[in-house]
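Chain lettering (A, B, C, D and E) follows the sequence in which the chains are written, and residue indices restart at 1 in each chain.
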Amino acid sequence: MSLPQVLDRHLRDLFGSGRVNSVLGAIPTRGPLGMAQLARTPEEVERFTLSPLACPNLLVHLTSKEARLDPTRFPLAVLARGCETRMLNQIFSEHGLRRDQVYVVGLAHCPGAIDPRRLSAQLPVLRGFPEATIEGEEVVIREESGELARLARTELVLERCRHCQNHEPLIDDYRFDLVEEADWIEPVSVDEDPGVEAIDAMIPIERWAYWRSQLERCIRCHACRDACPLCYCENCILERHTPCWVKRSVNLPENTAYQLLRVMHLVGRCTACGECERACPVDLPLGLMMRKMENLVREYYGHRSGLDPSGEHLLSIFDPRDTTATARLEQ
Amino acid sequence: MLIGDRKQQSYEPRIVAFLCNWCAYAGADLAGTQRLSYPPNVRVIRLMCSGRVDPGFIIEAFLEGADGVIVAGCHPGECHYEHGNRLAERRMTTLQHLLGFIGIEQARVRLAWVSAAEGRKFAQLIETTVEEVRALGPFQQFPRRAP
Amino acid sequence: MNNRVGVFICHCGKNIARTVDVEALRKEAAGLPGVEWAEDDMYLCSDPGQQLIRERIAEQNLDAVVVAACSPTLHTTTFRRAVESAGVNPFRLEIANIREQCSWVHPGTAETTHKAAALVRSGVEKARRTQPLEPIHVGLQRAVVVIGGGVAGIQAALDIAEAGYPVHLVEQGPNLGGRMAQLSETFPTLDCSSCILTPKMVEVSHHPLVTIHTLAEVTDVEGSIGNFQVRIRQQPRYVIAEGCTGCGDCVPACPQVVPGEFDRGLGARKAIYIPFPQAVPFTYTLDREHCLNQGPLIICDRCAQACEPRAIDFDQQPSEELVEAGAIVLATGCDTLPLSHFREYGHDRHPDVIDGLMFERLLSASGPTHGEIRRPSDHRVPKSIAFVQCAGSRDPERGKAYCSQICCMYTAKHALLYHHAVPDGKVYIFYIDIRAGGKGYEEFVERVRAEDGINYIRGKVAKLIPKDGKLEVWGVDTLLGEQVKVEVDLVVLATALVPSQGIQELARVARVAIDGDGFLSEAHPKLRPVESQTRGIYLAGTAQGPRDISATVAHAAGAASKVLGLFSHDELVEEPTIARVNEALCRGCSFCVSVCPYDAISLHEGTAHVNETLCRGCGACTPACFAAALGPRGFEDDQILAQIRALAC
Amino acid sequence: MKTSMGSGSTRIPLRQQVEELCEQSIGTCYQCGNCSSGCPMGPWMDALPNQLIRRLQLGLEDTTRFASPWVCASCFACGVRCPKGIDVPRVMEALRVVGLRSGEDHIGPHTIEKKRLSQLPQIALVAHMRKATG
Amino acid sequence: MTSLAYYPGCSLKRFASGCEIAGLEAARRLGIELVELERWNCCGTVFSMSSGERMHHLGSLRNLVRVQEAGYPEVVTMCAMCQNTLRQVNNEVRGDGDSLAMMNRFMDEEPAYRGEVEVLHYLTLLDRLGSEAIAARVERPLTGLRVAPYYGCTLVRPPSAGIDDPEDPNIMERLLEALGAKVVRDPMRVECCGAYMGVSKPGTINVRASAIHGSARNSGAEALATMCPLCAHNLDAVGPAPDEPALVVFYFTQLVALALGAKPEQCLAATQRVDPRPLLSTKGLLEEPQP
């Protein structure tokens, strides 16, 4: 289950040449999902896997508090798929990290990443870490005893993969094809987003009823904030006393304020990777808000975060042609 | 206590308005010197520029009991600080859509351009906003204190 | 937090008291947390009112003050002085506007008093959280750069130098003088233009505090009011200024004959030349563009041979100089609409269709015809002239929409001077409306109108047809209602005034605004005509819009007085409500850098730094920063959130 | 010739009717006379173009009495040269249309002798009939 | 041999036939075949300008529909008035979808006009070929012939339908230089010839003609060149007062055909009052072109 030979030797050379101090990748676990792992020595490299089942949240380990407290891990190599390189671009454009601190191993021809929850929902009987491959529009799960299941790709992959526009890495220092060039077929990218469209179709009272039922369940554990590679403020204002934007109590008003402020701080930066929703212990549909805002800024301002490593922040600039609320109101 | 409990009387919407010092605030003053009249539901906070308005202020206003919020600045191209109003436009538009997505009627947050010479327009802005918010009823979504 | 706040409520006579229950408001304010004292008074802005505040501050040991009265735009400074004289920092004063935005616009109901109470509460909450702020003192370079060596630049330079401050006068051309030097006589007094300009030019060239840079351009302006860094690029003159005695021996030696720009192409000059006899500095200039020696290769040195003091140096190189200045005066003057613009008058086909400035050169004693009016085609004295007013002015469709103000006057002058030179000459002036609003102007025009042989015909000229050596003018007399066709020897177009060449580039470099027609935009058309919208940069003369010489001199003197006002302080005192960065919280994400309209924020080793002289305190950077690491003093987040809480309930 | 300013006729005022027909704002003309000075048919006009526009500005109803619009060759010289951008030929056309709509034709095929009819090219006849008949 | 749709217009078939014959011949020699539309009708000159007179534009619109039916992207016309009317109608319907829709509905039996046809004047077509290409094909250069181009009004005004600058056009000057003629730039070349006023007020045309001929003669011209049948009629057939000398009035196409080597009979139709032959013979332009 270890890395292909070519990639394995390349990563070891990176250590050997002193180009990097550590390599960030995914390793299999006992269950049908992967876990982020920071390899500090060449030997640990062989524990990595490229299985579509093992696609944990890697990039948070670049900007998290631990990363800031452990500068020795840089320069760091990361095995990054297309969507992850888009997030890297956004981090570079915000000077969260310098480009020279990260050696990007671009994983090209990415067929998608399997959502462990969706997989275990469809195959409750699954045990251990099976061998899983994505061939075209199908996911094939195999065990020693042979093929266990063949399921539809769009049913199993992460939400971000269903809408993915970046099957190829945007930036890379080294490129490795996950699927051979010969049998690479561009996966189908789905435009409709039933979750968001359902809410858009509602009238305000229904919408609030839906979100009220969700936000009441929030326990303010900050998992969503801590899982987001873009939330790396020293002293987050959602926790600050003076001035106090959000009070400590866990109730609907404060929870709503908390989520609204968090989303407003991510508008124009978030790449809708969905890690906040994945990390939420009470399964709040946070991804809906993120994808709604990503669609909005694209539709209104033609902005897609993470495409230009030196891009300006959406809310720091303006364009005279902005079609906005005021323009419509004034008509 | 002087502050009557609003709910007993007929519902009078509470509107918080962030006015930019050079244009909207001066427009409001002009409405005063012209002795126009408009409903007293609006409470004004003076800022140097509409670009200073943080989306968090709007959320705080709703939390603290406001039923509607107005952000008024200079007309595009006339901002005293060149483009503060253009920045406010993007911030307020994105906030309006986020609030709308979770069920806050977009008419509760209103962005408008009022120049220092438009006293009458300011008075009309207040009247229409108060009427629209009155039609929407009190803000019940997530006030800190029950309305 | 300041917990000894004093609230002072003003009746403003009846203006507030009529609809706001001041007594109830006072009781309400007295009960607010943090409020130590609450009082009301008939007229707080009066001296007794101020005295009352001073006494209460001392008596009750107050640490912050809220004045509930009229709009802050009226008396903020007066109340700040009163508070300061009683020992409280002036920025611990907050004004609640309960007149323009409350008592005047609402009926006398309880709800109006509730609103007033809320506004007072909001004022108190903010006052409790104000920090003592000291105005920011910024060093001030007491030197000025005046760009443009015409009469406007000279006047501004002289006024400022007379007050004892160094001036750098930067002129694009080889010599000072600008448009005025090209004129013959001036209206309405018919003073000879060079007779009144030359003394000023000499005075400015000898003034110890004025450094003159000719053949020089400003290529870059950095910094802000009080501390500009101006880069001046000096083009080579190829004549050593100190050496040249102005003897002119080099001119006959030079083989290259070139059309003279100063004479608007009517006269010729040599490659080495001086534009006019009274030029200041009186140094010759070698125009390498037309000189036989192109580039480093020297094939003809006749002028050098003829130059006895050996003052000609073909190898001079352009040089640059960085000048520190506290203020800049833009006096770049104006130009006229090019004649090629008038296709229906066929200028490019007929040399005898000229513009007003060319006619001035014909009238000028130092001009190509030494003051004799001779037409360019065959140098004969014209027996009849047609003057066409509003050529390109008041013509939104094909020219400029505005009126150039001076053409009615200089055309009348031209007609009079021509009448003196050629008494039996016939003059036709085609006009729409004569505009002679200055002092003695209307009288001057009436005097010209009365001369025999000068005919004022009200109607615009449609076309000029060259016809056997003359020009047939297709006009109309709208007063008679008849078409008029006149054959004349010479046609003078009173062309529209337009901004001078290169103003666009200079405005971009100096970051000043220009209006739709290319003139420099003033801060306020009525109240601040000599200031640009950029602090520290002032406007003088026709660069800001068409005006005659007397208005230009007054305008330039106005600009100079603004500069002197600025320099009268030993340092700049800036409003302290500018942004301040909390380095600990700053993530170095540079979102604030791109948002600032004044480029006042820059990144130093990964943290934001605010340039205190550039920041104007607009606060646009604060919402852009998620870490809430910076904000304008006086409008901090905690103050505004407290105000929201006070108002929203 | 007594001229009455905007007499109380029931028809919509002439100026408004002309402005609707030619979609030009008569008020912007500041009577500079540029249209009249360059008009090739000026010598045969009983009122120059700028005078007609002046009469329309004053709302004089008898402006349609003038023959100038019928001498206008719609050669567009005035339209191109007007500093205020008024399409003067369209104003003249509007005056003609007002005249035509009140039933008076300004040329009739019967009024031209047979011999000349044969000499005139169709382009002249068609153009003139189109302009001068309702 | 490129082929383009050609709309002749009424006058070129009878009164100004000289212009058409020479124009078609010259085009052929320049490798352009002008294919006359099978069905065409009057262009409805002069374009009626007042609002609400849409029905007067139907004539032109039908012609544009014919061109659209024939599948040509462009239509060439030689007559200045046809070009002006067709282009003004084309501009108007393109700019105003509602009026196009209304007129399409009104012409219910005709296919709807989509607004894609370009109206091209013969001179613009030659100008597009470029002076070098034309000069290369000249067999009988018009050396020594002093010609004053005369544009009139509808070729250059209003600007939205003009083929060159309304005050200072140069298109005919460029072409004449390519043909080797001596160009005379006369300031009266854009002043009106009196147009259709000759029908109701004949006297006006003589006055206008004498002004135009006088000015051209004054500028040293021997002949005028125009592309408008009405100007040709007014300047040649009517001409200045009988006692005044009158210049020869060519159709521009006649000069082009002559220079490209066509036989004189082909391009000099008999309708010209002032016979051009004496002038041409003095310039040696009637002989066969030397190879």
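Keep in mind that, in the parts below, contacts are C-beta pairs under 8 Å (C-beta built on N, C-alpha and C of every residue); 3 or more make two chains touch, one makes a residue touch a chain.
What you are looking at is a predicted structure, and each value in this text was computed from that prediction instead of being measured.
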Notebook entry, point to check: From subunit B, what is the lowest number of touch steps before subunit D is reached?
Noted result: 2
Item checked: Touching subunit A and also subunit D, the following chains -> C
Notebook entry, point to check: Suppose you hop from subunit D to any chain it touches, then on again the same way; how many hops at least until you reach subunit E?
Noted result: 1
Next item on the list: Work out the mean Cα position per chain and let me know which chain is farthest from subunit E.
Entry: A
Item checked: Chain whose averaged C-alpha position falls nearest the assembly-wide average -> C
Margin query: Centroid from C-alpha atoms only, then distance subunit C to subunit E, rounded to Å. What do you get?
Written below: 54
Next item on the list: Report, in whole Å, the distance between the mean C-alpha point of subunit C and the mean C-alpha point of subunit D.
Entry: 48
Next item on the list: Measure off the straight-line distance from the CA centroid of subunit A to the CA centroid of subunit C, and report it in whole Å.
Entry: 55
Margin query: From the mean C-alpha coordinate of subunit A to that of subunit E, what's the distance rounded to whole Å?
Written below: 70
Next item on the list: Note the residues in subunit D that touch 2 or more other chains, in rising order.
Entry: 43, 77
Next item on the list: At least two other chains touched by the same residue of subunit A: list those residues.
Entry: 237, 245, 315-316
Next item on the list: Would you pick out the residues of subunit E that each touch at least 2 other chains?
Entry: 167, 191
Note to self: Once the touch criterion is applied, which pairs of chains come out as touching?
What the structure shows: A-B, A-C, B-C, C-D, C-E, D-E
Notebook entry, point to check: Which bits of subunit A are touching subunit C when the two form their complex?
Noted result: 94-96, 232-237, 240, 242-245, 265, 312-313, 315-317
Note to self: Looking at the complex, which residues from subunit A come into contact with subunit B?
What the structure shows: 199-200, 202, 204-212, 215, 237, 245, 247, 252-253, 256-257, 260-261, 263-264, 267-268, 289, 292-293, 296-297, 300-301, 314-316, 318, 320, 322, 324-326, 329-330
Notebook entry, point to check: In their shared complex, at which residues does subunit B touch subunit A?
Noted result: 55-56, 59-60, 63, 76, 83, 86-87, 89-106, 110-113, 141-144
Margin query: With touch defined as at the start, can you tell me which subunit D residues reach subunit E in the complex?
Written below: 20-23, 40-41, 43-44, 70-71, 73-77, 79-80, 87, 89-90, 93-94, 97, 106-107, 112, 116, 119-128, 130-132
Checklist line | Residue numbers on subunit B that touch subunit C, as the complex places them | finding: 2-4, 12, 14, 16, 26, 28-29, 31-33, 35-40, 43-49, 51-57, 60-61, 64-66, 80-84, 87, 91, 123, 145
